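Just below sit the structures, each encoded as structure tokens.
After this come two complexes, each holding subunit A, first together with subunit B and then together with subunit C.
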Partner chain A sequence: MTSKELMHRSEVAVSVELETPDMTLNIGPQHPSTHGVLRLIAKVDGERITEVEPVIGYMHRGYEKLSEVRTYLQITALVNRIDWVSGFANEVPFILGVEKLMGVEAPERAQWIRLILSELFRISSHLVFMSSYPLELGATTPLMYVLREREHILELIEGVTGGRFHPNFNRVGGIKPNYGGGKQTKTQSMDLPAGFFKATLKAMDSIDQICDDIDTLVTGNELIRARTVDVGVIPADKAIEYGMSGPNLRASGVAYDLRKVENYLPYDQLDFDVISRPGGDCYDRYIVRLLEIRESAKIVRQAIDMIPVGPLQAKVPRVLKVPSGQVYSRAENPKGEFGYYIVSEGGKMPYRLKIRSTSFSNLTILPWILKGQLIPDLVAIMGSLDFVLGDVDR
Partner chain B sequence: MSFLLELGIKVILMLAVVLTAALVTIYAELKAGSHMQTRIGPYYAGGKWGWAQPLADGAKFIQKEDLAPAKADRTVFGFAPYVVMMSTLAVFAVIPMGPDIVATNLDLGVYFILAISSLSVLGVLMAGWSSANKYSLIGGLRAAAQLIAYELPLVLAVVAVVVQAGTMSMNGIVEAQQATLFTIGGVEVALPYILSGQIIGFTIFMIAAVAELSRIPFDMPIAESELTMGYLTEYSGIRFTMFFLGEYASLVALSAIATTLYLGGYAVPFLPESMENFAGPGIFLIKVSFLVFLIIWIRWTWPRLREDQLQSMAWRWLIPLALFNIALISVFKVVL
Partner chain C sequence: MSDQPDTAVAEEADPLAEYAAGITERLGADGFSVEFGTVRVFVDRDKWVETINDARKELPFFSWLSAIDWSKETEVGEGVADPDDLVERFEVMCRLSSVTNADGAIFFATLPKDDATIGSLTATIGGAEWHEREAHEMFGIMFEGNDNLIPLYLPDAFIGNPLLKSFPLIAREVKPWPGDVDVEGLPEPEEVLAAEEATP
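Now for the complex of A and B:
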């Protein structure tokens, strides 16, 4: 073998040795921080992610198809289970859409009760975020304190609707009446259990208290700030481009809230602020949610002051038949814009139901935002987007 | 007494003490962590306060099937927990619980401790590599990078103690802390090193110790929300128990080292020397449990850092600070 050949051989050996192909890391579907069954196929160079491909559909339950063979009343039971931490908030836009198609409007009291319950579910959903996000960053303790307070909210919801997660409380033209509640006065009525307002006000105080506690335990923590500030920055134009909504969009500096924009439920009579922050990083997404809990508590307090006395149910035919037509109805879910496109051809069931779910649209930014991040930041960013897999896959 | 008999007695006593301490620490973590989280924690095992919970957990783990992944390097995989365990247990050989209550009073005790305790990273790396799991591999590599980064400030902090004490023997360091510093009204006052100039060193040592233990806020090698369980992912049954016990034994070990180096070991000021063999172990254990509680407290309070933040903290802050500390102590030693 000539020396030239030897040199060539050694060069080949060196180049083979130095070749470090990217490792493919399969994160999920069973992984502690994917909130269920999201799967990410990540190409990693060391700890740095060069490319990520989300794979969804592990929790597809076919609700859109199922809705075509369900009556409108049965569908409310289905849509509860889309985003299961904010069940009631999923019902509202659907029922409003059906009411719009039928040309009925729920009585005022029913609307206010819907509003109060929506806000309670918003608080509950954000509290789940407040508990799980520090957990993803490694702090195990906030979970316990926050979920303890969330229990007050769930008890209130259970008292009114009978269910903790899946209330199934809306009816076309009103809400489900609760017989045996006594006479119809401000404090005692057929819809809300006795002492509901007092208990709610007390719960709102404890919510404010836990927000203070979270502030001292989590917000001011130097390590939390080190992990979240300037991590996963989503600029406003990118957030709009990817169709993000809700707290994730507002944390990018776009003060867009359907409660102000869309004319639904008596939100226009209430005095509340749209929380938005300019940064667009994980920390801002966290802060927006924390402040929204306080805002929601404020809304609930006002609503309890303003709720009128009156009937709960508008006149609707016993057999619900929706006239043919199409409607897109949307509302501000705790996680963002939640919409239903209902196509009716007359009859008891919708011809087609398209669900615009929030988490699905919020997740579409993942491949863009995760590119070039570290694995620990992947967890921080995914957690800060606050998605629910049932909401992604439907 | 023949040498072998003495050795056997020492080893058995040592194992009994260390493993009991580890079990008690596990129980303390279960209970203290629970109460910090508004939970009650173990309640039924053993009849009262759930005192037998660690034993019950251990019995459960031993019953579990000892699984190894098909592609794992079985020899290395099986050997790794014992390397970690051994490096922890060996540390206790030189830690004095009284003037005469010590397995071996090595002249180079400090050196021995630093050498033997850094072997544990080998076991962790073996575990991560041999598991044939990508999460384990990342966890093992993180552990290696982290333990090397924190070994340095730890060693440098200890160097300052050695400079001040003028000896590397653990007994010698405890005795050096009983030397009279000054006298007030005829009363001779001796202070442990934490109160006589080593407060910076103690802080650095404790931070580095928590990092060595891979506990929150430095638990990236395990980081269950990122790497499922890091290098422990594929371990089950008795091998996992070894890792688990080893982790808590080294928690006790590092607290014991810190007690000896900074808190005056088995001695307290104004305790007559004749009492030390009798009261020493008790005093020593009280001090150790205080430090153990401190580390448990940190774990249930803070989130975890990121790997690069941890590295920059070690190299950019702790090491320069430790070097400064050595310089400071040396100057004092020369001047005073």
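Now for the complex of A and C:
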């Protein structure tokens, strides 16, 4: 008997011997890999997951109900907190929707500032992924390096908006004027803190540098590759059926980016690529995000070159009454399509606000994708989906 | 459907209106509306599942599914603009979109309040399950064919459907909302305009 045959026989013997009965394994709600409070009830057969049932709602705050008793201005403070890693990006589609209903358009400079801040939040959100994902796979070093760089981005955001995570910076028809920014004239608007552009360009250089570092530390790492390549493959048709969007969809080979197709903010004047990869596995989802950081840095540099001078706020009434109408407004959040369906009945508050949050839809695929996977891969797959529980539970 | 918006809101030249008219005709839907760049297609609730499945051939991306509760009386927030003309009903809405361009439409089906039942999309759209569970617990809408309509967000023992207009916001009952000051304290638009005109 050759050694190969022997091995085969021994494996058969072992598998017969170790036949395991179905067991129910509870994961969460407090578990480091669940990014908050997500609970999974998994039925496992040995190391294999046969069925999984996610239990969500531990962070449900009822934003859709609360929005019905808040004025439009107060809602921007709420929606900041849906996906707290990218607060500003949540505000943008809501404000754009209200502006559409009211028939006002923000001045050009305000739109560019919105664009720059959206991209800074995209970089910040992706950097959180870049630090936490290797950690979940067992690599502790990248965390510190990456979060250090993210701090530069947060400082820039804080300089402009006054808040690190919840800027609440958008106003209907413009953005909040910067206190202490000086007097605003027609030719010169002292809206951004002194030295903001210079500091941002410097930060973008360090972002490129940290991307190189991540490449060296993580991308080529054999262990990372072993844990992620061909793990958790999501084919394009399944991703579309489950409403996955953003980097998760683009990693499945669908180059769909709302910044390119949806006509909002001056993205059409910028030169950037939509990153997509054909594989649909955890590794591709990681690579797409890494490359998107570089693209965002590219966008920010161009935007700083092109930003015009001008006013920040269009003329809107002091008491906002939004005319009757229904609008769906969406934008490319760092995690994917983020949208609001606003039903206005002509009052100061919306009659109904449906929040299409990204992570919720991205997570609906969990029961399908986790079926038949190994328990250690569960952490790798969940981490690669890059969700925030506040965004799931709303 | 008398209470639905005029189907001929947009002009002929508008490409969005042409698109909306086209998709409505292709699917054999009841009507459409285009406002603020949002395409709405109205579907008979008995043809809901069939129409959505047909629509997915050109708009494959399942974006979301939810509902609106149209009520004359509301416990919280502001009511509808014209309660006398309102037909009390639910509207179930589902958005599908393309994954190559900006095309997309929101499909609407009207359900009477006393028979809030509609077919489930879960047989063909896996992603619809959570959305239907959410609509079920928030509005009490039944989705026939989805046998897993257990609460998604709320605790098992929770009674009521929070997003119904008849459902009170308990926090408001217990304590007045401090933000009310901002809402009520501001002058009416006419006063503001008068003050702005008065200042040089």
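Operating definition for what follows: the second predicted complex is superposed on the first by the 364 of 394 C-alpha atoms of A that agree within 3 Å, B and C clash if a C-alpha of one lies under 4 Å from a C-alpha of the other, contacts with A are read in each partner's own complex, and residues count from 1 in each chain.
Following the convention adopted for this analysis, contacts are C-beta pairs under 8 Å (C-beta built on N, C-alpha and C of every residue); 3 or more make two chains touch, one makes a residue touch a chain.
A quick note: this is a predicted structure, and the numbers were derived from the prediction, not measured.
In the superposed model, A:343 lies in contact with subunit C only, and not with subunit B. Number of subunit A residues touched is higher for C, counting subunit B against subunit C.
Of the two partner chains placed around the shared chain by superposition, neither subunit B nor subunit C is touched by A:308. In the overlay built on the shared chain, the residue A:235 is in contact with neither subunit B nor subunit C. Contact with subunit B, but none with subunit C, is seen for A:31 once the two complexes are overlaid on the shared chain. Legend: residue contacts after superposition of the two complexes on their common chain; A:220 is shown touching neither subunit B nor subunit C.
Of the residues of subunit A, not a single one touches subunit B in one of the two structures and subunit C in the other. Residues 36-39, 134-135, 138, 216-217, 219-220, 223-228, 300-309 of subunit B touch subunit A in their complex. Contact residues of subunit C toward subunit A in the complex are 35-38, 40, 60-64, 66, 68-69, 76-81, 93, 95, 99-102, 106, 125-127, 129-131, 138, 151-155, 162-163, 167, 169, 172, 177, 179, 182-183, 186-189, 192-193. Residues 56-57, 60, 62, 64-66, 68-71, 74, 100-101, 237-238, 240-243, 245, 249, 254, 256, 261-263, 317-319, 321, 324-328, 337, 339, 341, 343, 345-349, 351-352, 354, 356, 360-361, 364-365, 368, 393 of subunit A are the ones touching subunit C in the complex.
Residues of subunit A touching subunit B in their complex: 23, 25-26, 31-33, 47, 134-141, 143-145, 148, 221, 223-224, 226-227, 374-379.
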